[in-house]
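Just dropping this structure here.
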Amino acid sequence: MPLDASARGVYPIAPTPFHPDGRIDVESIDRLTDFYAGCGATGLTVLGVMGEAPKLDHAEGIAVATRFIRRAGRLPVIVGVSAPGFAAMAGLARASMEAGAAGVMIAPPNTLRTDDQIATYYRQAAEAVGSDVPFVIQDYPLNFSVVMNPGVIRRIVQENANCVMLKHEDWPGLEKISALRAFEADGAMRHISILCGNGGLFLDFECERGADGAMTGYAFPDMLVDVVRLSQAGERDAAHDLFDAHLPLLRYEQQPGVGLAIRKYVMARRGLIASDAQRKPVGGMSATARAEVAYLLARLARHDPRAAV
Amino acid sequence: MPLDASARGVYPIAPTPFHPDGRIDVESIDRLTDFYAGCGATGLTVLGVMGEAPKLDHAEGIAVATRFIRRAGRLPVIVGVSAPGFAAMAGLARASMEAGAAGVMIAPPNTLRTDDQIATYYRQAAEAVGSDVPFVIQDYPLNFSVVMNPGVIRRIVQENANCVMLKHEDWPGLEKISALRAFEADGAMRHISILCGNGGLFLDFECERGADGAMTGYAFPDMLVDVVRLSQAGERDAAHDLFDAHLPLLRYEQQPGVGLAIRKYVMARRGLIASDAQRKPVGGMSATARAEVAYLLARLARHDPRAAV
Amino acid sequence: MPLDASARGVYPIAPTPFHPDGRIDVESIDRLTDFYAGCGATGLTVLGVMGEAPKLDHAEGIAVATRFIRRAGRLPVIVGVSAPGFAAMAGLARASMEAGAAGVMIAPPNTLRTDDQIATYYRQAAEAVGSDVPFVIQDYPLNFSVVMNPGVIRRIVQENANCVMLKHEDWPGLEKISALRAFEADGAMRHISILCGNGGLFLDFECERGADGAMTGYAFPDMLVDVVRLSQAGERDAAHDLFDAHLPLLRYEQQPGVGLAIRKYVMARRGLIASDAQRKPVGGMSATARAEVAYLLARLARHDPRAAV
Amino acid sequence: MPLDASARGVYPIAPTPFHPDGRIDVESIDRLTDFYAGCGATGLTVLGVMGEAPKLDHAEGIAVATRFIRRAGRLPVIVGVSAPGFAAMAGLARASMEAGAAGVMIAPPNTLRTDDQIATYYRQAAEAVGSDVPFVIQDYPLNFSVVMNPGVIRRIVQENANCVMLKHEDWPGLEKISALRAFEADGAMRHISILCGNGGLFLDFECERGADGAMTGYAFPDMLVDVVRLSQAGERDAAHDLFDAHLPLLRYEQQPGVGLAIRKYVMARRGLIASDAQRKPVGGMSATARAEVAYLLARLARHDPRAAV
């Protein structure tokens, strides 16, 4: 089933599990995928920034995506295909779709500045991946240094029929969600799915502003699922209570560079993957940092027993 | 009393209060200063990034700094003197010190890249403000795009006897504090005061890593004072409990661009300043944002009665 | 006479002459101004990037601008008023216009990214300097990291009646001139003056593309005057012959950082200013560099006797 | 023969020739390679920034490099292997060396800031390509936004025995060459080859400062060969005469973005490649730009008959 603009819920950003010697850990891919499916995720995203995609060579990238896709079964899988050039992007998109991906995600190169440059890039990228391949805009200025105002996103949506989703991770970003939903309400833009990243740091309010859910890699995707469900069910206080209990750890994970190390460390402690190994270059954790995470988990476990690991 | 490397506690970053018509609100300067002194702040910092310093002309900047300094009495005041050139920096530093400032704070221009460029800049700046004027390094890569590794900070400290403090707001930054304190333990760097900014987002752990306190503008400086005191007293859980209760609001305030609007809005609701007016350019709050802050305050008030405003 | 969109010819960017001890050299201001007037410049620009404006304090900036303006007599003077905030910008603009300036020049802060951010900034700046004050857009992406496409420049022109000129120094920039002149031909934008900067590196073709002349600081402004005159007179080959003879030196001067040192060194050798002193921070010349310039001047002197210095 | 630190002369940066329909033009690869060998080039570099490397997928990149290498015969070929991650870099390096490359070239990712970050990156990259694979540092701040001071380059050279060459294209860069050669003279750094890029804009003086030659893509590599030869033979004036005759065109080619279009256009006119086609995204030439190049060629042909095309 191809991805479309009605997608909702939580698409966790999956890390790529490695063995300590650097080989891809395919058993952990399976275990992790099963966990996502079991906890209520409505899809997943692989080979994103947090998936260490650039550390895989071309064949490995396709192998990892394929393994996730096969194991996910009916759960739709989005594959990150951002690349320095359209040839590599098109190749990875084609291989992913042939393997059964639901769509692809495209981040802008960090050299783009003007509105025209951004819109042109997405037109060319949309053509490169193929007009029949649904794609997701990744809007993450903090990481990519590319700033897209709501008007540019509208332009990308209007100019490319295969644009179906926004991975929203601008910061600040709440007003952007409101602006895009206002475009839709005014008939100025067709509806797209908006899933929020940025580590989930504002997920509580993002849902209330009109986001359809989350697409991020926090080590408790099950919490993300619960918060989105509670929020969509109108149980505002309960959603915030759960979110706030996780916020100290979530904020700790949301540190650039070391965030992935923390995330893999917690996932390994939870048994979702076998090892927290990364390929080089590694943003590692000190012993003090591990102790801090242990302290945060212990505090969290008082509210959420899933943290007792 | 000039600032020295033994400074500890909380130096709030003071906003510059304006009347709705753009005039400087001197009565609110007095009220705010009294509040800082009354809640246990050990100093304060004016004309920082959050103080809308660039929106003041030269004479206004000096007038604002002077008003804060006079009202603060024995409380030391640090004045931000960052400027595009050394002539303006030196002029503001001289005027501030003559008015009774305890020291000055200097941020790097966002064109610096290499270690040598950064060290050279601080040598020239330290000479420009005068070798008898204590100064604070502002290390805020997210805002200034200048990345200082611990070795460069050490170099600045060693090359400039009048460098007495680091306003630490790198992100991630916990390991940097540990690295600097390890330099000191090894005798590789003389001791400096480290006060943490970055909105206070990691203050809980920063104190435990060896920071001396906080220098940031969160709308509840009284909470910052309590957390630093509890942490320094070894009451770890109590420090985290209070911090965590504030984290949802603190995180909300820590949004680039709109953060100042939120901060002034909450401070005005608390009665610390008369109006949340800013001079142009303004990063304003929508009605939805105001309602979100009201909701966060109401939730926080269950734990901290000071939020019942 | 206020600056208007009919301005043509050459407005040299004047350096600020200093004595070796750092004091402003007012006699050299006079001498330099007389030289500009005598060699056919149609105006001049002071306190630009090359004018070391940030190294002057507020009072010094006004004093330098005023001295140039008085000496220039009927020659229109544009004053650079770029500043980190609108208060300082407005103050300098007001003081300059009162001293007799013809208009002001405004560069964008290097944090601007989107089309909307750029247009908003210029609207607010145009209001800050005053709607009766003619202003020049400085479009210099290499230095300011702000990229303005032709559409954004049109928007600034259309939204601000007091925008009368573009200091064009994009790189590459030839097609931008053609695009803006095409807007005018199509009635899509009112006419503005376009004077070219960027060290003059493409002046030969810029004139042919529709630029009205030059605004740059090359140490032979008399050559710029001649090239613009020849080009406007249709003497294409003669214009290129003269330009090409100067290109080796002009290219040498067009080195970021050290360019000003070279420029002041050559101007001092020509006797246009008394000393090549700069205020700190200084991008200085090595002995080898001075010898290279001497060699370039000697080679140039075979074609242009003005270089025999 | 592996590349070593004694390399001298001219290593042209080869464009990747395409047919108008986007297929790789292998016949033009052969013709171009023969031209390089015939005009006195001492090596060549493929898959550089100007080689449209990111527009090739993995297999195409290897195929292009292999074709150049086979045709070049005894002429050493350097292959650009810059990639977002070490897996892709290592894969391309391995394949290139197996095909007979003499070495590889590595550019830094544009996120690096501090000296430590740069040195660490090159250590990891040197390990990734293999300690027996000679590599070239590409130092091109204007394009990559990474600033390496001479001390960092020395650190890379000292820490990695397989670093044999610097592709020098800082701007300004003359003093950097002098600083590195002074390190060598003082015994503070082992000797490396320095070949200069940056379009050749300062090649005249770079040779005199101690560079060993050129590595750039100017459409007249035969001129580069002549200038380097004349300069190394001590015929200073003749070297400058030839260089200066080419400078107007060379400067025109040295426009970011459109430079490659101009280069391929001139090379196609010279018959070095069959077509000036590029793959998307294309920075194209207007009809006016083509006429300007024709004018420049005609003027150049008066001094250098090779330009009569």
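For clarity, chains are labelled A, B, C and D in written order, and residue numbers in each chain start from 1.
Methods note: contacts are C-beta pairs under 8 Å (C-beta built on N, C-alpha and C of every residue); 3 or more make two chains touch, one makes a residue touch a chain.
Chain by chain, the UniProt names read as follows: A, B, C, D = L-2-keto-3-deoxyarabonate dehydratase.
Bear in mind the structure is a predicted one, so any value in this text is a computation, not a measurement.
Each step here moves to a touching chain, and the least such steps from subunit B to subunit D number 1. The chain with its Cα centroid farthest from the Cα centroid of subunit C is A.
For the interfaces A-C and B-C, the C-beta contact count is higher for B-C.
Chain centres here are Cα means. That of subunit A falls 33 Å from that of subunit B. Centroids built from CA atoms put subunit C at 38 Å from subunit B. With centres taken as mean Cα positions, subunit C sits 47 Å from subunit A. Among the residues of subunit B, none is found touching two or more other chains.
Across the complex, subunit C is touched by residues 171-172, 174-175, 178, 201-202, 204-205, 208-209, 240, 243-244, 247-248, 251-252, 255-258, 286, 288-289, 292, 299 of subunit D.
Taken in their complex, subunit A has these residues touching subunit D: 52-58, 60, 83-88, 90-91, 110, 120-121, 124, 128, 279-281. Across the complex, subunit C meets subunit A through its residues 113-117, 146-149, 151-152.
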